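Structures for review follow.
The two complexes that follow have chain A in common; it is paired with chain B in the first and with chain C in the second.
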Partner chain A sequence: MEGPRYKAIGALKSTVIHAFLISVTLTCLFPLFWMVRCSLMTNQTVFTDKTFIPKDLHFSNYVQAWVDGGFGIYFLNSVVYTVSVVVGIVLIASLAAYAFSRLKFWGKNFFFGMFLAAMMIPLPGSFVPLVVLMNKLGLANHRIGYILCMINVGLSMSILLLKTFFDRTPQDLEDAARIDGCGRLGIWWHVALPLARPAIAVIVIFNSLSVWNEYILATLLLNDKTLMPLQRGIMVFQGVHSVDYPILMAGLTIAATPIILIYLAMQRHIIKGLVEGATVQ
Partner chain B sequence: MSAETLTAQPKPRALVVKDNLKNLAFVLPAVIIFSVFYVYPFFEIFRLSLQSWDGISPTSSWVGLANFTELMRDKIWWSSMWHAAYITLIALTFQNALAFALALACDREIRMQRFYRVVFFLPPVLSEVVVGMIWQWILNSDVQGGQPIGVLNYWLTQMGLPQLVHHWLSDPQTALTCIAVVHCWKGFGWGFIMLLAGLQTIDHQLYEAAKVDGANSWHTFRHVTLPMMVPVISVVMILTILGSMQVFILIKAMVSQGLGYHTEVPVTRILLSMQESGRFGYACAMGVTFGVFLIGLSLASKLLSGKTKQ
Partner chain C sequence: MKKILIGLGLCAAVGVFLLTSSGCGKRQEDLNTITVWHWMTDRNKALEELASKYEQQTGIKIKIDLFAPSESYTQKVVSSAQSKVLPDIYGILDKKEVFAAFIKSGFIADITADFKANNNEWENQFFPKALDVNRFTEGNVYGVKAGIYGVPLDVTTIEMLYNVKLLKKAGIKAPPQNFSEFLEAIHALKRVGVSGLVSGWGELWMIDSFASNYAFNIMGEEKVMATYRGEVPYTDPDWIKVLDVFKQLVDNGALIEGVVTKPNKYAEQDFALERAAFAFNGSWCVNVYNDMNPNLEYGVMLPPLANSNLPMKIWGGAGSSFVVNNTSPRKDKAIAFLKWLSAKDQQAYLAKATKNLPANREALAEIPEVLSAFASSMDQVTHPTVWSLNENPVVSEAFLKGIQSILIGEKTPQQIAQNVQQVKQEQLAKKKK
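Let's turn to the complex of A and B:
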């Protein structure tokens, strides 16, 4: 049945498919390669030299971006925001999700419905009253204010993912802990949290990506350069040094590298979480 | 009275209240943060949309629906809606077709499948600022010493196609399309992952059965794959619509020097009217109108996918 003609068609088909996939792969990778390449050139050569691998590589651009461009401060700010928001979300969301899944209390369905509704209703202009509120509370241009706002952004989705996870895990271990005299809070901390590790991994990764890449609230809430995270800092830098491309590209590389590394290390979780998150919705 | 009936007795009321409050404390941090930073702004935006307020003065005046009637006649607003719709249309067709084609190509025994999956999802994890900046540098149309600076125009001249050299981002005719294409570049990997996951849940026995019935690959695709994929496709479509209509950071990163009103989208209008014109009420009216529009759009596509399923 598998004659030579059949085989030839099969080979042709697989060549065409691979050619298609490889061309898209190159389109994905080239801009990143170009960013890194241009970050290693001087202000003169970046405009004239178009060879793929230039002769002289200027790694000093990174020092200049880090120190003079202010990317060092922006980077540290991004780290501080990402870590605090993610820790906050994991603690607050897991407490709430545990209660929604296991405990009984008044208004449970109402509160849960509230979080659910928030994910269904897109509200593109809600940052206007939010900024007004932050100004009133004196939390604008303040680290804490930005962190609280970002915790809120990730909260609904995280609660939903964790609650679905708790609903699917058996209660045996928690019952055993209760018989041993463990309180609610103790069960949450010693039993539920460690059990939920796979779901928490997904939450940590997704919220890290979203906080690290966040731009709009950082723009509206933070005016001091010493408080700005990377995404905001890049725009400020570009507004001032619009033609300093090597330094700008070095800054972009600084902003993109951590996220790419996290992604490469965690891509299994990311792909799994993405699919799960969408099916939950 | 036996021991059993004793335990079945209802707990004392004080204990029930205490129990409830203790349990409620678990959700309290989440509920408080959510109420302050989501629920309050949610209602406040409706109230502000009926006011005229500059964001600073302690008093604001009630103007009823004046903001909305003004918005209905605001030509720039409607052209910004059209721009977002144009980007969305390109994302719905081009980006999702590409994502689906790639997912179909990867849904088989193929070498390097993991590699492709990792690479295609790389653009979606990058920030819009980074993506926009890289692309505005690639698409740069300035010339130095008779030679294009941007690598795209440089290649076009090198390949003997100087007639295609173009002011990609400073020509109003092409700026929006370039933005839409970069938006697709950033987004297709995400649709690809979702669609591939959907394809992999389809039972292979269905394909075998179709083969036995003598269906060719087009028929199998049309009558087995597509119907099974309707739920996933509709999720991808709705999320594409919501994401593309609200695009704006990419635009800010790509066309910083401003192109008049040619690259305005609803979110940039809201920001502008709030930050530069100081018209907070008007900005909120835009937000409400746009939000209602988006909800209508996603409901409509849900209905549509429900219909095609039958």
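Let's turn to the complex of A and C:
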């Protein structure tokens, strides 16, 4: 008698869970769908057409967004900034985290505490000092200046995540590598980094997202249009009082696509990395 | 090995790109290139076209740099001022205190002499109210040397708009002139199922503008200033009348649903899509309505008078202005460019291309009809930035939030007046201490 009852409860549970997950998925996907929908309309129909899928699709909005927004150079800039900053963060953060986790040196806890403290400073609070510093160093309005600032912004969180990960990694593998003649850097490169792949995936996706979408610091540090990231192109469609919604949405779709692709490519590692990196021993 | 080589190759390529394309190394100071920083996304294209025309005419290159939104732009200007790397021409979007602080720090050039040259030739081209925002009078509270420190690019006015088609549908032949006619029009509109007034009263400054229009109309500027000085209480019958304007709007069902939480962007959508017959909005709406509904037929009117003995004053003045960097080695060339930019032909071009009101009144003849209607009220324009003094922000907030309470039917005008007066007395006592 109990078999069908348990089956029924199981089916009910599964239905509730699936209904919940489907509603969460729809909530997440609906804004993206709406963005694409609006990007295919005109500025008039975007306010009047209530249909779910518009009758007339204006794919030319994408061409207009690309041309009017000057997306060509901005896109290239954003790719360069994102790749350079993420590579920089992964290299520096993994070296620093490995040192904090494995080496014994004077002031280790103090320096680690300083990195954590840096996370507490809200980014806008550091804007003015950063601009003044970059101007003094002659790095304002230079790609390298912006990249260095963005690496600095992403370091603290990445070091914390990787250090926690390294703390949980057994030392036996490193001992074996040492017996085989590996030095500190060799162990970091051949053992620690490959093991930390899930945590690195999380760092890559989080920092890619933050660099790709960053605009305020770029506005403050860079003056030349040719140095600006993709978000500058999107701003062109937001007037002081009026907004060209379809072109703006087309621009946003273009800007969001690479980051969605990165997320899809790395999603396997993200949950694993977050769970393993977030558990502090 | 292959992977390492590919990685190194990529790194080298990125490095070369960064070094060669970011302009590493000190740039030569170019005395024939004027840099302009602005925040006006909708005017960028037109400004760039004018800049290229200027270069063709004079050989002076004008570099137009856009930084938007305005919050980021303001941060950029402040941080650049601290680093002393401001451009030749820029704009101050902050309050007049910040404008004054920039002048006192030597970041803004006094261009009074240029305005006054040849019998005020340049000054006379502008609406006087447009220049007032950039003018510091003798003995001003900011301690700035009297003079003109900025060049207005365009002007704005905040007025009432009416939908021609909806008024006709309700049998209203002419837009209402006074408040009782306005309420009659509201009833007529209600009979044909049309909402009355829409405005972005979710934004306090929009309520401030409307309330201040009626305060000036009901009691006159002097009494308003006397209230700010603490000489007239908010419980004065005239202030109750001002608050009662809002109560009457509510009691007569004149307002569109949700007006008290509506941002102006949504209010603009409502009027553009003909969901309300009247709107209270600024002249920038010409651009907005044109984008949303190019076939919208509408007219411009002053807010209907509550007191026929005093004129209606509306908010307006310089919309956006440019200042010249006092430390720039190209200061004179920058002023010459601004003179050219504010001349009749360029102003008419800007007005046509961007649908903004020109600051140069000589350009009025060549602008679209609806913009002319806005411009015709320039004589009735006033603005808090040109008043002799402003209300304490705490009192002002209590007053405006009180109006929102009236709009949602929570409190009466008398209750709000007493509450605001209490806050005023507390602030006056604090000031005395």
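Please note the rule applied: the second predicted complex is superposed on the first by the 198 of 281 C-alpha atoms of A that agree within 3 Å, B and C clash if a C-alpha of one lies under 4 Å from a C-alpha of the other, contacts with A are read in each partner's own complex, and residues count from 1 in each chain.
Methods note: a contact is a pair of C-beta atoms (placed from the backbone, for glycine too) under 8 Å apart; a residue touches a chain by one contact, two chains touch by 3 or more.
In this text, all values refer to a predicted model and were calculated from it rather than measured experimentally.
Enquirer: Answer with first, second, both or neither: which of chain B and chain C does A:Gly138 touch in the superposed model?
Expert: It touches chain C, and chain B stays clear.
Enquirer: Can A:Val236 be said to touch chain B (first), chain C (second), both, or neither?
Expert: second
Enquirer: Which partner chains sit in contact with A:Asp224 here, chain B, chain C, both or neither? Use first/second/both/neither.
Expert: After superposing on A, A:Asp224 lies in contact with chain C but is clear of chain B.
Enquirer: State whether A:Trp188 touches chain B only (first), chain C only (second), both chains, or neither.
Expert: In the superposition, A:Trp188 contacts chain B only.
Enquirer: Quick check for you: in the superposed arrangement, does A:Cys28 touch first (chain B), second (chain C), both or neither?
Expert: first
Enquirer: Thinking of the overlay built on chain A, is A:Trp106 touched by chain B (first), by chain C (second), by both, or by neither?
Expert: first
Enquirer: A:Val36 contacts which: chain B (first), chain C (second), both, neither?
Expert: In the superposition, A:Val36 touches no partner, neither chain B nor chain C.
Enquirer: Between chain B and chain C, which one contacts more residues of chain A in the superposed model?
Expert: B
Enquirer: Should A:Leu264 be classified as contacting the first partner (chain B), the second (chain C), both, or neither?
Expert: Once the two structures are laid over each other on A, A:Leu264 reaches chain B alone.
Enquirer: Based on the superposed arrangement, let me know which partner A:Leu173 touches: chain B (first), chain C (second), both, or neither?
Expert: Touch partners of A:Leu173: none, neither chain B nor chain C.
Enquirer: Check chain A for residues that touch chain B in one structure and chain C in the other, and list them.
Expert: Of chain A, residues 47-48, 124, 127-128, 131-132, 215-216, 235, 238-239, 242 contact chain B in one complex and chain C in the other.
Enquirer: Which of the residues in chain B come into contact with chain A in the complex?
Expert: Going through chain B, the ones touching chain A are 19-24, 26-27, 29-31, 33-34, 36-42, 44-45, 48, 55, 98, 101-102, 105-106, 110-112, 115-123, 125-131, 133-135, 137-138, 144-145, 147, 149, 151, 154, 185, 189-190, 193-194, 197, 235, 239, 242, 246, 249, 252-253, 256, 266-267, 270, 274, 280, 283-284, 286-288, 290-291, 294-295, 298.
Enquirer: In their shared complex, at which residues does chain C touch chain A?
Expert: That would be residues 11, 14, 17-19, 21-24, 26, 35, 39-42, 44, 65-70, 72-73, 75-76, 78-80, 82-83, 85, 87, 265, 269, 272-273, 282, 284-285, 287-288, 291-294 of chain C.
Enquirer: Quick check on the complex: what are the chain A residues that touch chain C?
Expert: 43-44, 47-48, 80, 83-84, 87, 124, 127-128, 131-132, 135-136, 138, 140-144, 147, 215-216, 219-220, 223-227, 235-244
Enquirer: Under the stated contact criterion, what part of chain A meets chain B in this complex?
Expert: 14, 17-18, 20-21, 24-25, 27-29, 31-32, 34-35, 38, 47-48, 50, 92-93, 95-96, 98-100, 103-107, 111, 114-115, 118, 121-133, 148-149, 151-152, 155-156, 159, 184, 188, 209, 212-213, 215-216, 231, 234-235, 238-239, 242, 245, 248-249, 252, 255-256, 259-260, 263-264, 267, 270-271, 274-275, 278, 281
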